[in-house]
Structure formats: structure tokens, C-alpha cells
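Two complexes are shown next, each including chain A; its partner changes from chain B in the first to chain C in the second.
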Partner chain A sequence: MAILTSLISLLQATLPEQGGALSAVDWARAQFALTAIYHWLFVPLTLGLGLIMAIMETKYYRTGSEFWRRTTQFWQRLFGINFAMGVATGIILEFEFGTNWSNYSWFVGDIFGAPLAIEGIVAFFMESTFVAVMYFGWDKVSRGFHLASTWLTWLGASISAWWILVANSWMQYPVGCEFNPDTMRNEMTSFFDVALSPFAIDKFLHTTISSWIIGAAFVVAVAAWYLLKKREAEREMALKSLRIGAIVGLIASIGAAITGDESAYKVAEVQPMKLAAMEALYNGGTDVSLTGIAAINPFKQPNYKEEKEAPLRLSIPNGLSILATRSLHGFVPGVNDILNGYTKADGTVEPSAKEKMQRGRTAIEALAAYRQAKTDGADEATVAPLLATLKENMPYFGYGFIKDEAELVPYIPVNFWAFRIMVGLGSLFILFFAFLLFLDWKKKGFLAPSALNTELSTFNKATLWVAIILLPCAYICSESGWLVAEFGRQPWTIQDMLPVSASVSDISAGAVATTFWLFLILFTTMLAVEINIMLKQIKKGPQL
Partner chain B sequence: MTYSFLQHYWCFVVALLGAILVFLLFVQGANSVAGSLGYTEQGRRLVYNSTGRKWEFTFTTLVTFGGAFFASYPLFYSTSFGGAYWLWMIILFTFVVQAVSYEFQNKIGNFLGPKTFQFCLTLNGILGPLLLGGAVATFFEGSNFIVEKNNLIDGAALTPIISHWANASHGLDALLNPWVLVFGFAVVFLARTLGILYVMNNVDDEDIRSRGSVRLIGAAVPFVILFVAYLIHLLLKDGFAYDPATGIIFMEPYKYLHNLLDMWYLAVLLLIGVVLVLYGIGKTIVSKNYVCGIWPAGIGTVPTVLALLLCSAWNNTAYYPSTADLQSSLTMQNSCSSEFTLRTMFYVSLLVPFVLAYIVYAWRAIDRKKITAKEIEEAEHAY
Partner chain C sequence: MKLLRRIFRFYYDGFRSMTLGRTLWLIIGIKLFIMFAILKVFFFPNFLKQNAGKGHEAEFVATELNKRAEQPLRP
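Our next item is the complex of A and B:
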């Protein structure tokens, strides 16, 4: 709740020209952010815990041990509680493209609809069919079929992630399409460019692998609680689950760091403004250092025009150049460079914002003239030059809707801080999971055999408490990643092609605000019930 | 494959998904009568556990129906969802609360109590079919919207938005049309009929089965009356026709009757479907030991709804007509995706038989044993 309230105040802060009153666009954005943030509380646990319990069930399949069957069933029960919430919050998102982003749905539906439909046909049915076998098939189907169903549930969820991330990546980096002036929309020209876009591959890997961290943190936290409570009946399950959780967690957090680095490199390539906002880099250059931390006011867009750099900035020399260009001396543009235009490393000139806005307007005017000429029945000779003008300026079409170049700068504080929270916590997870595995390897701390019969030492208690506290941190880390991805894309729904202001539906701010609050109340209530059920179930332990 | 073939093909796929969705609304239908069908606490539990093993298919079909509609007819997606905002939002709300109700209702820690979630299931059981049925009825009755693509590039336009709803009630206005309500309630009672038939088949409980045959009459009679009334209305009403040569949309008397006569195969499909549904209901009512009525009635529902949906779109018909501006009406031709996208998606749709095959296989595996009170008590996962 607190996060959402501050999100709204952040939205208000980005709109000084409207006196702080939220427009229909802002409410539509807030509603999408709300539903997406809630949905993302449940999806990563499905992906992460799904993997871990599938590993556990594989152990059961291989050993036939009753212990692993009971352990798998326990985690599956928790999985089921979470899964229901993921399903419930997910349906809204798909339909919101239509209900709240009507113009968007037409303008790019020809490309964007396909991955959503494929997600339904390929992934959702796989998930819903095999999750039913997983829940209800324990004594009805063979062990092999049941194990396959558990893996297929997880695979279905991962394939679903693939297609929705293909769709999301396309919004960040629109490829494989062409504008058709007769139908007034963008149309797909290459399915493989869309489905296998390098941006999508990176995004998929980074998002799913980082989701496993949440699954791992969850298992480790629950296991830590049993150990802390000295629950003898659950001790073996807790220890063995914790080990699997820590192994998955370490692999996932290292994987997330590697894929995250690759993602940042891609962002630098195709969304330089997002990178500049993440780094609060006002003025770019060569040999740019990577900001560790700086005093950026979280509630106020900094004066990037006047300030030379963010105040009290601590940085790593040449870090950003390496991250963004893979070269020690690479040129990285800052906010002002992007607004004023700059020359890229390959010698091409990136036009200034003013020029892009002018060319966007030229494209819109040419399109209007073309459509008028077609209505009037004009001949080829009349429409050909209009089409040529349109084509030439089409890459900047979206800029034609921008009124003020300040709109082109995303809200820097959210990008800056969310990025740092994500990276900071992500690094912490690598250390913590490595530490747990070290204790396990050396049989030290609470994993020492002697810890079985004695009181837990302060050190052991502290370690276990840290394991529990890191669970909410894993969620914050993951949500921060989404904040960077989506706040950094502003003002675009589709990069350079369509801004949010031209993407919405014709619904009043009041109507969208009403559904926003309804969703907030509904989802928050559901979350409270879910957490309570989850805690009770954990307290109860593995018995039915 | 021509563009026209692909348009018809995708219309068929979306209509088929819609038809399967209506069949799967037996989940909602059964939930809406769970109280009287189950009667006792344990009886209700049996009903919820029975539908609880199928609800995800209904839900997934709804989502896939939405996705397929988006991919193949994006102008419908943007116009209807963005315009009839309240109608769709209420539908979604009821499906959201339904999705958690099974898992949460009987769990310890549910501080809202089982009754809250059972109420949510009932609410979804009635409003879901009613509003989805109402939305389908607007395919014949028309909706109040305007589509103007030039708004996006017209500097003088108030907003750059292409699709506008022409009144402030954003979709709820459809419910003022009595024929929309007739169709909506026909779907409510159809879902209820199918729900009762499904539970009678799926739950091995003497009490529920005997009560089911009685409740079935209460659901099937209003369904038949409402459905026949709407069908007659449909055959007699003016329809929204489309001239493929000029692209102009005009009113044609007896358009839907003409459609069924021109596309006789749809009329045959409709007839077969209706006969199967009536057979399933009738035999269950008259024969005491017959509990397989869901098979003919459920299978019959699919061709019936499929024929009706195709009747609204094929044969040069505007499937999403506008009562505010006739020329804004959506046809397969003016609202579909590009030929490239439809063709790509055609190849994807070839996966559907494979998907259906594993669904059937998995269903059979877990439905081999009927649900009993004893089984729920001992089950690893129960609601």
C-alpha cells in the first residue's frame, strides 16, 4: 500500500504542469502498474518454487523415498496457494491492453496480439492441464506421469513468461514490423524478428533466472524458520530443502548478474535515455564512470539541464563505458546529449529532440495528406511523394505527439534508485547463498551436527533471521527490476513509435480511478488472505 | 491461402474458442446452484471440488479467447474492450475473485470465512455467464460506438483516440436492451443446466444425483424458453449487412435468416447442436439412472454456439455493429490483422489439436475415478 501511494505521488510529481491532478493517462498507467506489480508478486515464486519442487520430485522419483514425496507435497501445497493468486491477477493484465490502451491495441495489435495468443494456446493450457494432474493425480497416475506433470507445469509457466516477455521486449525495441498508412497501424513483417529478438532473449533469461532467486529465498526462509523454531519433525525436511534452495539460489543470483549485465548493454544500445535515467547521467562523454551512489532526491526530478552531475556522486572510473559499450573509453550519451543530439560511435548522427519532434510532425502531416488524397481519389503521382515523406520520417512518428522535450526524459529518481536497489540486493543474494553453501560444506554454524541438540548460538540465530528477512528483499529486488524496465521506457508505450498519451482509451479519469481503487482494495485483501493462509500452512508443516 | 480464407479461418477459430468457452461455463453454472444442489455442507463441498478440478480450463479458454481475438481482430479488441469498459471490467472482476475462491475457501487462515468465497463463486456463476452472454448478444443487437482512424493524426481532434463509446455508461447500456438480457439469461440457464448435468456425472453421490434431476427442470425450462425466444427474434430481425464491393454497411431485413439459408451447413450445425442439448436434458430428466447427459448436452452446446457466432460474421455480415454510426461497424475485413499475421498465426493454430489431445488424456487420467466424500477427505489436494 505504502509503495503504491508513493508511486502515485511520484506520478503526480512528474506532472507539475497539470497542477498535480492525475489525468486519464496517469490513472491508466497507475492501474497497469498496480496490476502488474501485484501479478509479479506471484509469478516469480511460481517459476522459482516450481523449479525447486520439480527437483525434489525428481529425487522422489529416483529414490522412491517417502521423505521426498512428503517434502514435495508440502512445497506443492504452498505452490498451489501462490499459483491461484498468479492466475487471478494475470487475467486483468491481458484485457487491460484493450480496456485501458485502446489506441495501442489497434496501432500495434497486429504484432502484439500474436505473442499473447500464442501464450494462451501453447503455455496456459499446458500449465492448467498439468497443474491439475499435479494437484489431483498423486494416487491416480503413475509416478513418472506425475513427475512429468510437475515439470510440464513449470515448463508451461516458463513458456508463458517467454511469450509475454517477447511482447514486452517488442515494446522496448520494436522490430519486424512496418507502418501501413492505409490501415493506420503497424503490421508484422517478420515473426522470427519479433519472437527471437535479441532483446527478448536477454529479457527472458534475466527475468526467469532472477525469478528463481525468489523461489530459492522462499524455500530458504521457510526452512530457516523451522530451524529457528527447533521443530524436530521438520528438521530433516528443512535442512535438505535449504540445501537445494541455496544451490538454486546461488546459480540463479550469479545467472541474474550475468544476464543483467547483458541486459544493460542492450539497453544502452537501443534505449540510451533509459540508461541515462538509470545512471542519472546528465552529460555523457567518453571514459564515463559508473555511479555507485549519489544524492538524488527520490521525489523530485533533478535539474538535469543545469546540474553538471548528480550531487555527492561516488563512482567507479570507466565503469559505465565498459558496461554500455564494452570498451574502456566508449562514449555514453547523457540526458542532455540525447536531447541535443550527438554523434554515435559508428559516426551516425542522432538528431536532437527538437528535430525528431519536427520530423514526427512532418510524418503525421504527410500521413494526413496521404489519407485525404486517397479519399479524394488522387492518382499515384500525387500520393507517391507523400508516402516518400512519410517513410523518411516514420522512425520519429511518435515524437510528433510530444509537446515538450522534457516529456522525453523518464522520471530519473525512480530509475536511479530502483536500479541500485536491484543491483545491491542481487549482489547480496550471491554472497548470502554462497555463505550458506559454505556453512553446509564445512558443516559449520547451524548446519553443524552439534547444532542439533544444543541451543542456537547468537550467530546461528542471526544467520537464520537474515535468511528470513531476505525473503521480502527478494521481492523488492525483483519488483525494482520491473520499475527500471517500465519507468525507463517513459514516455513511450512503444519506443519512439507511440507515447502513452496517444495510446489510451477514451475513458474518463474518474472511471479509471474507480477501477484502480477497486483493484487495489480487492488485490490487497486477497494478498492479506493469501499471506495468512500461507503462514498458517507453514506453521502446520507437511502433515495434511 | 487467400486473405479472405484466413479471415474466415480465424473467425472460425475465435468462434470455436467462444463456443468451447460457453460449454465450459458449466463450472459457473454449477457454482451458481451449489447451495441447492449440494444442500448440506458436505454436498456443497462435493460440488465445489468437482468444478474445482475444471475451473482452470474455463479460465484459460477465456484468456485464450481474448488473446486469439486480439491477435486476429485487434480493432474489436480496442473498440469493445476500450469502449464497453464497465461491462468487461465487471466480467473480469468476477473471474478474478473466482480464481482464488477455490484455493482459499476452506484453508486455515482464511479470515474472511468460507462463505465469502462461496459467495464470490455464486456471483461469478451468475454474472459471468450473464455478461458474457450479453456481450455476445451485442454481436446481433449492436453497440454504441464510433471508429474514426483519422483521429490519430487529426490535430483538430479532441483526442488522438480512434475508438469512442458514444455514451457515458461505457457498455452497461447494452443491458438496457431487453433482447440482450434475454440472451444473457439464456446463457445463465444454459450454464446452470450444463453445470447440473456435469456434477451429476462427476460426483458419485446419490443425494446430489437425485436432487440434480429436479433442479435440472428448473434450469432447463427457462433456458429453452429464453433460447427459443431469442432464436425467433434473431431470425426475424433486420441484420447488419456488408457490401464487399464498396465496404458499405447497411441494414438488411431477415439478414440472419438469410445467413442460415445461404450457409445451410451452419443451419445443420445449429440443428444438430440443439437436438443434442435437448436430448441430454430430456434423457436425464426421464431416465432415473442416466447420468451422462453432460456428454450430448455439452458437445451439442459447441456447434450451437459456433453456428450462431459464425452467423454473426460470415456471409458479408458486420459482426460488431455500431448503432451510433453504421459505417463504424466492424466486419471481418475491416477489423482483422494483416495477411502476414493471420498466416503466421494459422501455423500456430495447427498446434491446437495437439493441445486438445493432451488435455483429453490428462482429464481422463484424473477423472477415471468419480468424486466421493471419502476421496475428498483423503486427497492430497482438496478445496
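Our next item is the complex of A and C:
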């Protein structure tokens, strides 16, 4: 609660033009962020733990060992708690679309309809069918069918995630659609362009693979707790679970680094302002270095217009050029280049913010004139040039709502620090999981046979405590990734098409603030209940 | 018919033999009640349905967007 209150104070501090008062759009954004962050506490554990318990059940299937059956059932129980707590938390986002974001919902309705409908059907039928077999089917269906159901539960959850991420990716990189000025909606012209957008593929891979880290960190943390508590009855389960967790964790954290690099490359291509904000790159150029760390004030938007670069910057030479262009000497635009306009590597000119804003206004005026002409019953010859003007300027439609070009720059401190937290913790996970596997391979530390009957040394205790502490760090890492993705695309709900200020409904700030606080109370209570049930079951162990 | 009966028994026995599951289903039920019977009904009306009326959504959104382009949002 205290952290959230500080965040709201921080938000107020960044809005001097409104005298520090939060507007409806700020509250609607805060509410959406709160709901999405809460929802995202459950999803990655479902995806990650689902994979690990499926691996464990595969071991049971192959060996027929009672030990693996009990171990699988134990992790499935914890999976069930998380699954039950996460059920329907995403539906609230859809409530918010209808109430707080009605312009946006109407504007994109046709595009989101298909992916969200598929997601709903897949989630309902696949997950509800196979989850039931997974829990009720022990001894009632064959081992093979039960194993298939466990894998299909995990696959169903992953496919669900795919469609949600397709919808999110479309907002970041709108493709496969055309705006219809009569219905005021974007209409899908190619389902495959939307469903298989390269941005969506990268996002899906990075998001789901990084979710496996949370599953791995969870298993390792629970196992570490049993070892720390010297619970002999759970020792074998803890050791074997820890090994599987560490293997999945290492593969996932390396995979997340690789897919993260590919995602950043895609961001550089289609959302250069996001990359500039992540890097606090005010002025771009060729041979751009990658910032390791810099003294960016977390509470204040830097003066990117006047400052040459971020203060006390430590960087890797040519790193950003390689990351963004796959070339040592590639050109990477900074915030000011994007605002002033620049020439891309392929020779095309990216217009300045002022020109885009002008063209956006032209598109909005053409749209209004077109709709008025249609209402007045004008003939085709009258409306055709208006339509042509609209179509020509439609790529900049959203810029017509921007009043000041500073609105086009996302809040740099959040992007800069959230990106570094994500990458820093992600790297730490690679090292830690590798370290655990090294201990396992060499039979050293708490994994040494001698550790079984002796008091744990300070080093071993510290290692196990680190394993436990890294669980909340995995969540922080994952949520930081979302902060980068979503803060970085501000001011847009749909990149270049619609800013948040035009997407939000004409509602009072007070109304949204009320539901924000309601949600906060509700979510905090539900989270406390979940953690309580989860901890009780962990303390109980695999014994039923 | 036999298959349907077997499926029914499968779920029936499964639900009956739940232990922790009962608590979880209770929580899910309470949660869904709060969401759909309280939050959705009293706090999250469909803004367009309330303000634009059926069949007039496009016109309403067009007017709204035009207004937003001309003036900033109300505080």
C-alpha cells in the first residue's frame, strides 16, 4: 500500500501542468496497470509451473515410480491454488475496456474480436477439460491419457497467452487492418498478418519463456525452504525438484535473454521512441554505445532537449548499434532525432513530430468533413477527395490529438530503470541456476552427501536463502518487463493511431479513482488469501 | 449415453472427493460474485451503451474524437 501511494505521488509530481491533480486518463491508466500487474502475478506461474509439473509427470510415466507420482501431485496442488486464484482476474480488464476506454474499444473492436474469442474458447474448453482430468483422473484414466492431459493443460494455457499477446502486439505494431470511416472501426484485412505478426511471435516467445523462469524460481524456492528447514520427509522431493527447477530455469533464462534481444531489435524497428527511452538516448547517431548504467533521476523526466547525454553514463562501445541494427556502425535515433525527423538506413525519411502532428490533424479534419458530407447526402465525387486525404494521412492519425510534442516522449526514468532491473535480474538468474547445477554436478555445498546429516554451514544457508529471495525477484523481473513494454509505448494505446488521451471515455476522474481503490482493497485481500493458502500447503508438504 | 454417464460420474466423483478444491471453488465463487454481481453491475457500465445508444456508436465516437482533437480532456 505504501509503495502504491508513493507511486501515485510520483505520478502527481510528473503532472505539473495539471497542478498535480490526476485526470481521468491518469486514473484509468493506473487502474489498468494495477489490474494487469495483478493478473500477471498468476499467469507466469501457471505457464512455468505447468511446464515443470508436466516434466515431473513424464518422469512418473516413464519410471512408474510412486515417488514421482507424489511429487507431481504435490506441485499440481500448488499449481491448482495459483490457477484458482488467477481465474477471471483478466476479465476485469475487459470491464475497464467497456467503461474507461470506450473510444479505444470501439476503434479496435473488430481486430480484437477474433483473437479474444479464440482465447476464450481455447481457455474454456482446453483448460477446463484437461484440468479436470489432471485433478480427478488419477487412477481413473490411463497413465498416458493423464500425462497427455497435464501437457495439454499447459499447452492450453500457452495458447491462451498467445492470443492475448497477439492482441497486445497489434496495439504496439498495428498490421493487417484498415480503418473504416463509416463505422469508425479498424477492420481486419488479414487474419494471418494479425495472428502471425513478427512482433507477436517475438513477444510470445519472450513472454512465455521468461514465465518459465518464475515457475523454476518457485520450485527452487520451495525446495530450498524444505532443505533449510531440514525437513527429512521432503528431502528427496526437494532435491529432485530443485534439480528440475534449476535445469528449466537455466534454459529459460538463457532463452529469455536470446528472445529479449530479438524483441529489442523489433522494438528498434517499429517503436524507436521506446528504445530511446529505455536507453535514455537523447541524441542518436552511428556507432552508438549501449548504456550499462547512468545517473537518471527516477522522479524527474530528464531535460533531453538540452542535455547531450545521460549523466555519469557507463556504456559498452557500439553495443546499442549492434542490438538495434545488427551492425557495428548502425544508426540509432535518439529522442531528439525522432522529434526532429531523421533519415533511416534504407534512405526513407521519418518526418518530424511537428509534421506528423500536422498530418494527423489533416486526417482528423478530413474524417470529420467526410462524415458530415455523408450525413448531408453528398455524392461520390465530393467524398472521394476527402477519403483520399484521410487515407494518405491515416498513418499519422493519432498525432492529430497531440497538443505538445513533449507528450510523444515516454517517461524516461521508468523505462530506463525497469529495463535495467529486468536485464540485471535476468542475468542474475542465469548465474544462479548455473551455480545450482554446478553444485549438483559436483555434489558440493548443500547438495553434498555430507550435508545430509550435519548442520548447514553459513554458506549453505546463504545459498538456500538466496534461492528463496530470488522468487520475489523473478516476479519483479517479469513485471519490470511489462513496465518497459507498456510505459515505453506512451502516449499510445495503438501505436501512432490513437493516444491514451483520445482512447479514454469522457468520465470523471473521481469515478475511476473510486474503482481504483476498490480494486486495490479487493486485490490485496485476495492476494493475502492466496499466499496464506499456498504457504499452508507448502508447510504441509506432499503428504495428503 | 453410456459415455455421457461416465463423464458425469467422472466429474461428480471428482467434485465430491475434493478437499482443498472445495475451498478454492468457494473462493472462485465469491470472486465471480463480486466481479459480476457487484463490480460489473454497479461500477462498470458499458459507457457507449449508456451514452450513445444502439446503432449510434460510430457517430458518438466520431464526435468524441473530434472533440478530443480540438480541446484537452477535462481534469
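The rule is simple: the second predicted complex is superposed on the first by the 532 of 544 C-alpha atoms of A that agree within 3 Å, B and C clash if a C-alpha of one lies under 4 Å from a C-alpha of the other, contacts with A are read in each partner's own complex, and residues count from 1 in each chain.
Convention: a residue touches a chain if its C-beta (ideal position, glycine included) is under 8 Å from a C-beta of that chain, and two chains touch if they have at least 3 such contacts.
Since the model is a prediction, treat every value here as computed from it, not as a measurement.
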Clash or fit (per the criteria above) of chain B with chain C on chain A: clash
Chain B versus chain C as contact partner of A:73, first or second or both or neither: first
Comparison of chain B and chain C by chain A residues contacted: B
Contacts of A:132 with chain B and chain C, given as first, second, both or neither: both
Touching partner for A:25 - first (chain B), second (chain C), both, neither: second
Which of chain B and chain C A:403 touches, first, second, both or neither: second
Touching partner for A:457 - first (chain B), second (chain C), both, neither: neither
Touched partner set for A:532, first chain B, second chain C, both or neither: first
Touching partner for A:509 - first (chain B), second (chain C), both, neither: second
Partner chain in contact with A:189 - chain B first, chain C second, else both or neither: first
Contacts of A:110 with chain B and chain C, given as first, second, both or neither: first
Clash-bearing segment of chain B, relative to chain C, as chosen among 6-14, 258-266, 294-302 or 366-374: 366-374
Where chain A meets both chain C and chain B, residue numbers: 77, 80-81, 84-85, 87-88, 91-92, 95, 98-100, 102-103, 105-107, 132, 135-137, 140, 183-185, 364, 367-368, 371, 401, 501-502, 504-507, 515, 518, 522, 526, 529, 533, 537, 544
Chain A partner contacts - residues on chain C that touch it in the complex: 10-11, 13-15, 17, 19-21, 23-25, 27-28, 31-32, 34-35, 39-40, 43-48, 51, 57-59, 61-62, 64-66, 68-69, 72-75
Chain C contact footprint on chain A (complex, rising order): 18, 21, 23-25, 77, 80-81, 84-85, 87-88, 91-92, 95-96, 98-100, 102-103, 105-107, 132, 135-137, 140, 182-185, 361, 364, 367-368, 371, 400-401, 403, 501-502, 504-507, 509, 514-515, 518, 522, 526, 529, 533, 537, 544
Contact footprint of chain A on chain B as seen in their complex: 53, 56-57, 59-60, 62-64, 66-68, 70-72, 74-75, 77-83, 85-86, 88-89, 92-93, 95-97, 99-100, 102-104, 107-112, 149-150, 152-155, 159-165, 170, 337-338, 340-341, 344-345, 348-349, 351-352, 355, 358-359, 362-363, 365-366, 368-369, 379-381
Chain B-touching residues of chain A, taken from the complex the two chains share: 73, 76-77, 80-81, 83-85, 87-92, 94-95, 97-107, 109-114, 116-122, 124-133, 135-141, 145, 149, 180, 183-185, 187-189, 191, 364-365, 367-368, 371, 401, 501-502, 504-507, 511, 515, 518, 522, 525-526, 528-530, 532-537, 540, 544
